[in-house]
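Take a look at the structures below.
Below are two complexes that have chain A in common, paired first with chain B and then with chain C.
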Partner chain A sequence: MPHLEQLAELTGHEDRVWCATWHPTKPILATCSGDKTVRIWQATNAQDPSKWQCTNVLEGGHKRTIRSVAWSPDGRQLATGSFDATTGIWERDEDESGDYECVATLEGHENETKSIAWSKSGALLATCSRDKSVWIWEVEEDNDFECLSVLQEHTQDVKMVAWHPTEELLASASYDDTIKIWKDDDDDWYCSDTLQGHESTVWAIDFAPSGDEIVSASADQTLKIWKRFPPGNPLGIVTPRRGEPVWKCVATVVGQHDRCIYSVSWSKAHGLIASAGADNTIRLFETIEAKPEAVGRLTAEQQRAMNEPGVLVETVAVAEVKEAHGTSDINSVAWYPSETHGDWLASGGDDGSVRIWRLVQ
Partner chain B sequence: MAFSGALTLSDLNDFISPSQACIKPIEVSKTSETQGAIKVDNSGSYYEVSQDGSETKLETATISLNDCLACSGCITSAESVLVTLQSQEELYSILKQNKIAIETNDLSTHRTVVVSISPQTRASFAAKYQQTPLQVARKLTWFFKSLGVHSVFDTSFSRDLALLETGREFVERYRKAIAKGVLKPPNMNGTAASSSEAAAAATSGGMEVDTPKPRKRIIRRGAAATNDEPAVTVETESAMPMLASACPGWICYAEKTHGYMLPYISETKSPQQIMGSMVKNHFGSQLGLNPDQIYHVCVMPCYDKKLEASRSDFYSDLYQTRDVDCVITSTEVEKMFGEQGQTDMSVFGEVDLDLGYNSVIKDPNTGADQVLIGASGNASGGFLEYVMQYAAREIFGIDGVDVDKAVGVEVKTVRNSDFREVTLEVPGSGEVLLKFAAAYGFRNIQNLVRKVKTGKSPYHFVEVMACPSGCINGGGQLKPLGDNFVAVPLKGWIAQVDGQYRNGVLARKPEENPVLEQLYREWLGGVDTLKAREQLRTGYHAVEQNLVNPLAVKW
Partner chain C sequence: MANTEYELSKELDLDALVHLENMFVEFGREDGMAAGERNGAIEGRVMGCEKGFELSREVGYYAGCAQLWKTLAQQDPERISEKSLKKINSLLDLIDSFPRQNQLDDDVVALLDRIRGKFKTVASALQTAERYIDAPKSKMFY
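Right after this comes the complex of A and B.
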């Protein structure tokens, strides 16, 4: 059976760790914390992945907790979203000190910024906040940013934003228990779909490697997998908006986590899903096509009658690490984004520590 | 009801319904000194039962709009207060009071009721009920008069004054900005200045400007390391860009969240509030009435206008009255039709428009009795168009600029349909003389705020409106017929209303309004007098940020 073994425990943050994010191409990890700093961690020895050091501490940019951190796709910049309502853009001075400097601050949210995400091309940045809005910014020359859209359709705190792995398509997860899909129509962005099904806050979302599925993690202690059905799909799922695909739930993971699930990561390297939350456990799932006898599987007739695909995917629990951060909540899990170290998983928790795990098949 | 997006974004989590969760203590007068019991009946009303058994209904403690605003708190609570304070119900009760005053022959409580209708409202009814704007004006006049309203006016009349005054204010500011070195004078003859000089000339007050000298690779834009507020003190009299002041959604948002933007905002009152000054002061004095003997209602495309009317700046302590007593929206007027059993607008009577503050003339071509006339320009009031034309003439002696027809200026849509740039150049040289913009909707306001804050705004004047598509798409405008929204796409509907805005309305420059000269002379004692300032200009106040009400916080 596959399992996770701990490679390293990184200490230094002086408060809970909220988010851990891998550099898009290098074995570098950025983490942020209630201590208002971001720490950059790098493996010291390519042969020995258990040796890590903190190379940079980004401080002074935010007045309150840094809730999330995201690398630009080219790895040149870092964005930080903070409870002080601002988003910071950081750049490393490659020529001289090697330090990260805050080169821009994006203002506009009324209160706590909860999450930030760069689009795949790096041309767009999305932010979301407790003020219930999602903002889309365009990255311009000379570290300038233009606000393209302010989307105010969520009825509660927006917890997370995530971009599609290839398309300019944004998903947002909210305390209003829904996920919304946002698209651009030349002049402005609009909500093209609202995914309803969770019975409590949706804390986290991640796209499948193909971008055709989304996994969501909720305070209702379930994970759900949502699949995109384009117009004219073979199952005959109705697409109400002309020319627009519709997203439907095709799997629900119940009875695994027994507290809120705060974070979920869908590996782009090997397709395993990692999730973690308030039950102090990291769990790994594999997705396979549902067997004909699977619970919730519908016949073609039922699918048409209910306009629902039913269960199409089975999720198989393949590994778990109990008390991965002792008795502390786990706030973030993140798979390494590419094949090079696709077996690495980073986690951050309320104990202030960051841990790096390796998937052993 | 829906305020503009800019307002609803502010302090969202402060939402508390008055008298339910608001913890602001208010004074309630005691009804009796004796001890008694309190009884609640089935309807939830409270009664005080005295020892002799008699019951007195107790008054519910209510929180007024002023309580809410003084709390620097939440627009969302203010919203429900407004419903009771500024609504057609208030108008009905004033009209009823007038009736009683006449019946009882007690004229001390009688008030002259004036209704001023916005041209955007006219356009909204015209599009929905397939009438011409003139028909709408005549029918609304008929409707209001049948209810007992005394005079019905048109705010495109007071808008002429607002435009003139905005143009004047801009020229004053521009000249001061040049004199004080905030702006560099443009090179009127000869070749275009180098691009860096042009940039320097275009940016505002002494803020950092990119120069061609070698610079560090890392460029900072409003980074957190710098102070939150620009270091340079910006003075209103020379602040560039000057930002239009007619949109109360934008004003409220700036006051609540961007205090440093306030010096840039034009001090000229909006057309609604200038109408308020005119009706309560000029019209009143002509009729021998004090301001409090007139009840003035404005019909507007927008709920935010209710907040504007409630500002303390527009309240007379002496007479304890507001310049505009009540604002009702287009939608609320439509609701009044139903309440009066007059749902079919096509069968409404038509009456001639009142002389006075109306923009109506005898048609010079057909000789028809009344045609509408008004300033040209976009359906949000045409501030950009007028100020450009006025400033080109006053400052640079360039006549004949027409933004609508792109004559003499370059008009460009930038990034999205709600952001337009209009540039006046020295013919042939490319030297920019004036660069104006229209920025509508919340996203474009954000970009403007950001540009001004980081010293990157190349503009001299910006027409700012909180709603996408501007006032024609205000939150108080009529919805297209039928419950099924999908049937009429929003963009097509806005285009229809926009088309009606100009339908049959002759264009006239504000300065050609023959009554204005008389108003300046007789009422204001001339241009630039203390009285003109008092009646036509206003000021803005940053709202101190309170700690968020801890009871209302939702995580």
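Right after this comes the complex of A and C.
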């Protein structure tokens, strides 16, 4: 059976760790915390991933907790979203000191910024906030960021934003229990679909490697998998908006986590889903096509009658680590984004520590 | 006539006596309905006026800002880029599409949200912290 083994524990943050994010190409990890700093960690020796050091501490950029951190796709810049309502853009001085400096501050949100995300091309940045809005920024020359759109259709706090792995398609998760899908129509962004089904706050979302599915993690203690059905799909799922695909729930993971789930990561390297939350446990799931006798599986007639695909995907629990951060909540889990170290998983918790795990098959 | 009244009162009508209370309750209910309908219509109208005032005041505020910015952009194209001007124009278009008559559906709420979003986009592009401060409570009363 596959399992997770701990490679390293990284200590240094003086408050809870909110988010851990891998550099897109290098074995470098960025973490942010309630101590208002970001720490950059690097393996001291590429051959031995058990020894890590903190190479940089990004301080002074934010007045309050840094809630999330995201690398630009080229790895040149780092964005930080803070409870002080601003988003910081950081760049490393490659020539001299090697220090990171804050090169831009994005203002606009009325209060706590909860999450930030760069689009695949790096041309767009999305931010979301407790003020219920999602902002889309265009990245321009000379560290200039121009707001393209302010989307205010969520009725509550927006917890997380995530871009599609290849398309310019944004998903946002909210305290209003829904996920919304946003699209661009000639610089005008609009909500193309609202995914309803969770019974409580949706804390986290991640796209499948193909981009045709989304996994969502919720305070209702379930994970859901949503699949995109384009117009004219073979199952005959009706797409109400002309030309627009529709997203439908095709699997629900119930009875695994027994507290809120705060974070979920869908590996782009091997397709395993990692989730963690207030039950202090990291769980790994594999997705397979649902067997004909699976619970919730619908016949073609039922699918047509209900306009729902029913259960199409089965999630198999493949591994778990109990008390991965002792008795502390786990706020973030993140798979390494590419094949090179695809078996690495980072986690951050309320105990202020960051842990790096390796998937052993 | 006086004769009949006399006779009526003289005759002991038990039925009427028994239903006397019910009858007054019924009369009272009818009077209440009539008065409620009248007062409710007034109250509803005042409420509608207040809400309409609130909505329009906000949209009017955005319209004022947008028109001023547009004028500034035309006078000083160096300071306000063409891109920003395009945004201002699309904000003005949205504001123009806001209905001036009473609407029976709630589309105006969604439209107002889009106007709010567009206003923030423009304010951000112009690097101003301009924002709508909620109107003081209406002085209308009833």
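Basically, the second predicted complex is superposed on the first by the 360 of 361 C-alpha atoms of A that agree within 3 Å, B and C clash if a C-alpha of one lies under 4 Å from a C-alpha of the other, contacts with A are read in each partner's own complex, and residues count from 1 in each chain.
As a working rule, a residue touches a chain if its C-beta (ideal position, glycine included) is under 8 Å from a C-beta of that chain, and two chains touch if they have at least 3 such contacts.
Just so we're clear, the structure is a prediction, and the values are computed from it rather than from any experiment.
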Answer with clash or fit: chain B and chain C placed together on chain A by superposition.
clash
Have a look at where A:Ser133 lands relative to chain B and chain C in the superposition and call it first, second, both or neither.
both
So, A:Glu153: does it touch chain B (first), chain C (second), both, or neither?
second
Between chain B (first) and chain C (second), which, if any, makes contact with A:Gly61: first, second, both or neither?
first
Which superposed partner A:Gln42 touches (first chain B, second chain C, both, neither)
neither
Specify the partner with more touching residues on chain A, choosing between chain B and chain C.
B
Just to be sure I read the superposition right, which of the two partners does A:Gln6 touch: chain B = first, chain C = second, or both, or neither?
neither
One more residue to check, A:Gly108. First (chain B), second (chain C), both or neither?
both
Touching A:Glu91, do we find chain B (first), chain C (second), both, or neither?
first
Can you tell which stretch of chain B bumps into chain C once we superpose, 241-249, 313-321 or 511-519?
241-249
Based on the A-chain superposition described above, do chain B and chain C contact any of the same residues on chain A, and if so which?
107-108, 133, 146-150, 152, 188
Footprint of chain A on chain C - complex, ascending:
83, 90, 113, 116-118, 120-121, 124-125
Can you name the residues of chain A that touch chain B in the complex?
60-62, 86, 88-89, 91, 93, 95, 101-105, 107-108, 110-111, 130-133, 142-150, 152, 156-157, 175, 187-188
Which residues of chain B touch chain A in the complex?
5, 8-13, 210, 217-225, 257, 415-417, 442-444, 446-447, 450, 454, 456, 468, 548, 554-555
For the complex, give me every residue of chain A touching chain C.
107-108, 133, 135, 146-153, 188
